[in-house]
Amino acid sequence: VEENRHLSLALAAIAEIDFRKINFFSIGNGARINQRETSPSYTPSSDITIASKLARIVLPSSHRPPPVTALQPWYEPGDCWCAAPAEGSLGLAQLSVSLGKKMLPRQVTIEHLPKQASVDIKSAPKAVELWVPVTVDQVEGAPNCEAGPDGYVCLGSFTYDIHGPVHVQTVNLDAEVTVPVDKALVRVKSNWGAEHTCIYRVRLHGDLVDGNDDVE
Amino acid sequence: VEENRHLSLALAAIAEIDFRKINFFSIGNGARINQRETSPSYTPSSDITIASKLARIVLPSSHRPPPVTALQPWYEPGDCWCAAPAEGSLGLAQLSVSLGKKMLPRQVTIEHLPKQASVDIKSAPKAVELWVPVTVDQVEGAPNCEAGPDGYVCLGSFTYDIHGPVHVQTVNLDAEVTVPVDKALVRVKSNWGAEHTCIYRVRLHGDLVDGNDDVE
Amino acid sequence: VEENRHLSLALAAIAEIDFRKINFFSIGNGARINQRETSPSYTPSSDITIASKLARIVLPSSHRPPPVTALQPWYEPGDCWCAAPAEGSLGLAQLSVSLGKKMLPRQVTIEHLPKQASVDIKSAPKAVELWVPVTVDQVEGAPNCEAGPDGYVCLGSFTYDIHGPVHVQTVNLDAEVTVPVDKALVRVKSNWGAEHTCIYRVRLHGDLVDGNDDVE
C-alpha cells in the first residue's frame, strides 16, 4: 500500500512537471549545450560478457551518450549522460546550457533511474548546484554553495536523494535574480559512490519573460 | 487538490486513448500523409539567442518537422507539426491522411502541449473539422461546418480548448457515414492567436471493418 | 468505473515494472540478441490501400522490425517484433538474449498492445516458456514445459491473456536456478489465432549478482 502510494506520487510528480511547468532546458524550447563549459563524456570500461564487449565495438555510439542526453527525455536504463571522472574546476560533472528564451530561474528538477530498477545507482548525483552568469548585486538570497567559476553566481545548492520516495525531484532555488538570464550551469559536487557521475535528466523551471499573458 | 484531480484526469484520458481505442491515424495501423492535400510546413523565423540561431543552421531538420509528426507520439515541446501561414482553400492547416484500414469514423482526439508548459500556446488549434471522401447521401447527421473541398463531406466541427482541464481532448463526431472510408482530412479553421498553427497530435477513432470479433 | 479501475491498474503495473524492478533484458543493462538462436522476422504480406503498399516500398525498414524490438520500449501499434511462421524446433517464436549482468531469474513480464486498441490481436503470444543454459541439477522446481533445446532447462511456463484487465503481465517463474545465468531463451508455443506471432516487449526480472548492497 505504501509502495502503491509512492508509485502514485511518482506518476503525479512526472505529470506535474511535464504538463504544468515550462522546462527552459528543453531542446524544443531552444536550449543548447555549451560544449566548451561542459565536462567530457564517460566511456564505460567493462561489461561482464564477451557478447556485450563485441556489441560495443559494433555499436560504439550507443555506449557514450553526449551531454545533450541530460536535457532529453529518458525511458530506459542508460538513457543518461555520464561525465568522465575529472579533477579540477568542473567538479564531478558540469553541464552548461544556453537557453532559447530569457527567463527568471525558480526551480530545478533532477531525474535518475530509481534505485530499485538500477544496476549501478552509485553514479547518481548527490550534491548539485545551479549557477547563472550575473553579478552578485543582481541576486537576492544567499545559497550555501562551494567555490564556482568566474562570471557566475550560485542560485541554489540541493541534494538528489536516491532513497527518496520519488525519483523525479524538484527543488526551489535559494536565491532569485533581478535580471533575466539566458544561460545556466549545473554543477554536480558529489555522487553516491561511483568514480563517474550520470545524469538522466535535469530541467530548469521559472518565469518566462514575454510570456502567454495576452492569450484570450 | 483540484490541480491533482486535473492531472489524474489527464493521465486517465491518455491511458484510455492509448489502451482502449484503435487510432486509425497511427502509422503502425497503416496511416500515411497525402502530401498533395496537406498544408506546407512552417519554418520558424526567430529565436532569442545567437546560440539557437547557430544550432538551427547546424541542425536545420530539427526545426521543421514534417506533417507526419502530427500522427506520431509526442513527449516534448516542439514534437509537433506546424503549418505555414497560408491563404486560400486549405485554411490555417489541412492534414490529409490515407488510412491503412477501412473504418467508420466516430471520434477525433486532438492533443497539444498544455498551456502551463508552453512558451507559445497561441499556435494551438481552436476550431477543427473532419472531412471524408463520401457523397452527401452516404452521411447521416448535419454538422455545422464551413465550406470545404470538393468530393468531401464534413462529419464534425469542434473546438480544442487550451483552457480545458485536460490537454488531450476527444470529441464525438456530429455525423456518421453509412459506408466505410479509408481517407480523412483534418482542417483547422482558427487558432488561439498566432500567425501559424501547430498540431502535436490528432487521432481518428471508430469502428474497424473486418475486426477482431472472432478471437476466442 | 470498472474500466477506470482497470486503467489505474495498468498504469500502476507499468510504473511498478519501470520504477521498481531491474530488467535484465534491457539494452541499457547490456542485453543483446543472439541472432543464431532467434526466429527469423516476419514480413507482412498485405495492406488494404495502394498508398500503404507504396509507402512500404519507400520505407521498407519500417515494416520489418528486428528481434531487438522485443527488448525495447513501445508506444504505438507496430512497435513490436514479429516472428515469421516457422516449423520445427524454434516454436512460433524464439528469442535468445545474452545478458549484460549475471543474475538469478525470478519473474518474466510480457507486454502487448491492449486488445481494444489493436487491429490484429490474434498475433499476441499465448503460451510462453523461459529457458536458461544450466543443467537439471542446477534447478529447483519442476515447471510443466514442452520439449526444449539441448543444453537448456525450463524455468517456467505461463500464459499471456489478451482478455486480462492489464496488458502488461508479470508472472513468477516456477523454478529457480542455484547458479547465476547470463543468457535466456523466450519460447512462444502458441498464440491467439494468427499465422505469425508478435512480441511488443518481454522483460526478465530477478536478483543481481554483485548488486547495490553497499550504497549508503
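Chains here go by letter, A, B and C, matching the order in which they are written, and residues are numbered from 1 within each.
Just so we're on the same page, contacts are C-beta pairs under 8 Å (C-beta built on N, C-alpha and C of every residue); 3 or more make two chains touch, one makes a residue touch a chain.
On a predicted model such as this, the values are computed, not experimentally measured, just so you know.
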Same or different contact residues where chain C meets its copy chain A, judged by the half mark: different
Rotation in the CA alignment of chain A with chain B, degrees, nearest 5: 120
Whole-Å gap between the CA centroids of chain A and chain C: 33
Sequence positions of chain A contacting 2 or more other chains: 11
Residues of chain C that touch chain A when the two form their complex: 11-12, 15-16, 18-23, 26-30, 32, 34, 72-73, 98-102, 182, 208, 211-212, 214-216
For the chain B and chain A complex, residues of the former touching the latter: 3-4, 7-8, 10-11, 47-49, 51-52, 55, 62, 75-79, 114-122, 162, 167, 192-193
